[in-house]
Amino acid sequence: MTMLEKLMPKSDDFFSDFEAQAATVVEGAKLLKLLLEDFTDVPRKCQAIKDVEHKADDITHRAFARLHTQFITPFDRAEIHRLLSRIDDVLDLADAAAERLGLYDIDQVLPEARDLAAVLVAQALKMEEAVKGLRNMKRDPGTILEACKEMNVLENQADHLTRTTMAKLFKRGNDPLTVIKWKEIIDLIETATDRAEDVANVIEGVVLEHA
Amino acid sequence: MTMLEKLMPKSDDFFSDFEAQAATVVEGAKLLKLLLEDFTDVPRKCQAIKDVEHKADDITHRAFARLHTQFITPFDRAEIHRLLSRIDDVLDLADAAAERLGLYDIDQVLPEARDLAAVLVAQALKMEEAVKGLRNMKRDPGTILEACKEMNVLENQADHLTRTTMAKLFKRGNDPLTVIKWKEIIDLIETATDRAEDVANVIEGVVLEHA
Amino acid sequence: MTMLEKLMPKSDDFFSDFEAQAATVVEGAKLLKLLLEDFTDVPRKCQAIKDVEHKADDITHRAFARLHTQFITPFDRAEIHRLLSRIDDVLDLADAAAERLGLYDIDQVLPEARDLAAVLVAQALKMEEAVKGLRNMKRDPGTILEACKEMNVLENQADHLTRTTMAKLFKRGNDPLTVIKWKEIIDLIETATDRAEDVANVIEGVVLEHA
């Protein structure tokens, strides 16, 4: 990269990065939900999620490199870093859950895991909405803030669902190894919704500061 | 908020936020300790902790909004963000532990969990002391640094207690599901003491830089 | 510290701190590998790792104090903070794994845990290489970036090893308590390799920005 290129303000690229990242999160979350709803052909479905995750890694890595070399950024460098990282985390965790579904010799899907994946999909769609709004945050901050609020509400739902699911697992007199496996998978999906809430909090801060 | 309000320096409000947050941590930690000491009327006691946690969320959310809109802050914006987040985490984790105590069909309290909650209460009281000192940090930095040091010592105690408790749980030939439940609850309280140590580290940095 | 000392640029000290930290990580990771390869004389070997970890804590604590009091730093203060924290985390986690090996009444070492510790040692050596390069990053950025890339590759290996190990543990019809113990130990070592990857990412960013 020449000095001239470094100096050229192409700060809009970051908005494209956020949007590309958010699109992969929606895609990955939907694939995870489908896997849980129809638990057949599991290795192929897991690989499809892994492919989306690799695509997302490339987007994130390119954006980080640009963040470190570009002089002009649309808002605070630390906030962009946080936003890229947290969006990336959401998909990483969804993929980690899918991998375990593929590896842990699972006979039967825990029905509550499907509900949890559905919450993650709903949250990912709201994330996409919020992220798309960033480009024009001065014109319409209200829509972004509304989407962030709904991401928070969905995280609370995921949290509640996780706890009641674990309570049920403990009560059913389940086989302990089955409980350990599902606890890990459920925790991964729930942590994905936590990271999505972090995304909402970062976006909310950016909007409050700049819009 | 008008531009004039934005420009008005009301940076002292952040000290009030930290103090209000710390007070809720003390309150929540004490309620968790009481729940573990007298494990009756559990749903009501869990709800009381949840209520404190909601109050804390409101304080934190308001402070974040102010952080993004106010021009003058008493110290580095990133440090204030970190401090608000980490104090908030402590209570969130104490509440998460309480929730599981309410949901997981627990017959008998693990005695070591009480000791761990007692360490958390001691740490919360030191946190309150440290946070109250911030307002006058130039006058008396020594008291703050001493409180931070004691928070670190208490975290080490919690860490040690957690590991020996887990070792005991594994040895007693306990029912695996009981072990999984208590491992989660113990880990949550121990992570609360970790976040309190993070609070101490942030405060120590602020004092070294500004006092 | 006098105002004059505060003003004196001794920014090179941070490079010495990173190098001293990285050396303790190599030392600790090697001791963990040795413990897993020859599981005798366990309390003494665990104590040796704990001693290294205490030495590392002193280095980190001194560096943090300097970071808050020194005016001139070789690169962005937030990046130095992140780098010191993440390197410190790697050894903390290796030590946490060792402690559990000492406490959990373990008869027989899981062979895969040795492979995982070997990956951590390889990563620690690459970390040392990358960190040593920072002092002259303008002269030879390529070597640093290469080491960072290999740290990422090693983290992927650790990740894959962890998942297949857990799958095996679940399949072997193992005793649930044994599974819980090894899951925790394996997760701790794997998280150590995650933090090492974070170190690589921070270093990569610093090099892209400054070299």
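By letter and in written order, the chains are A, B and C; residue numbering begins at 1 in each of them.
One rule holds for everything that comes next: a contact is a pair of C-beta atoms (placed from the backbone, for glycine too) under 8 Å apart; a residue touches a chain by one contact, two chains touch by 3 or more.
These numbers were taken from a predicted model, which means no experiment stands behind them.
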Self-contact between copies chain A and chain B, residue sets same or different by half: different
Size of the rotation, in steps of 5 degrees, that lays the CA trace of chain A over chain C: 120
Averaged-CA centre spacing for the pair chain B and chain A, given as whole angstrom: 27
In chain A, residues with contacts to at least two other chains: 78, 176, 180
Of chain B, residues touching chain C in the complex: 78, 163-164, 166-167, 170-171, 174, 176, 179-180, 183, 201, 204-205, 208-209
Parts of chain A lying in touch with chain C, wherever the complex brings them together: 64-65, 67-69, 78, 99-100, 103-105, 176-177, 180-181
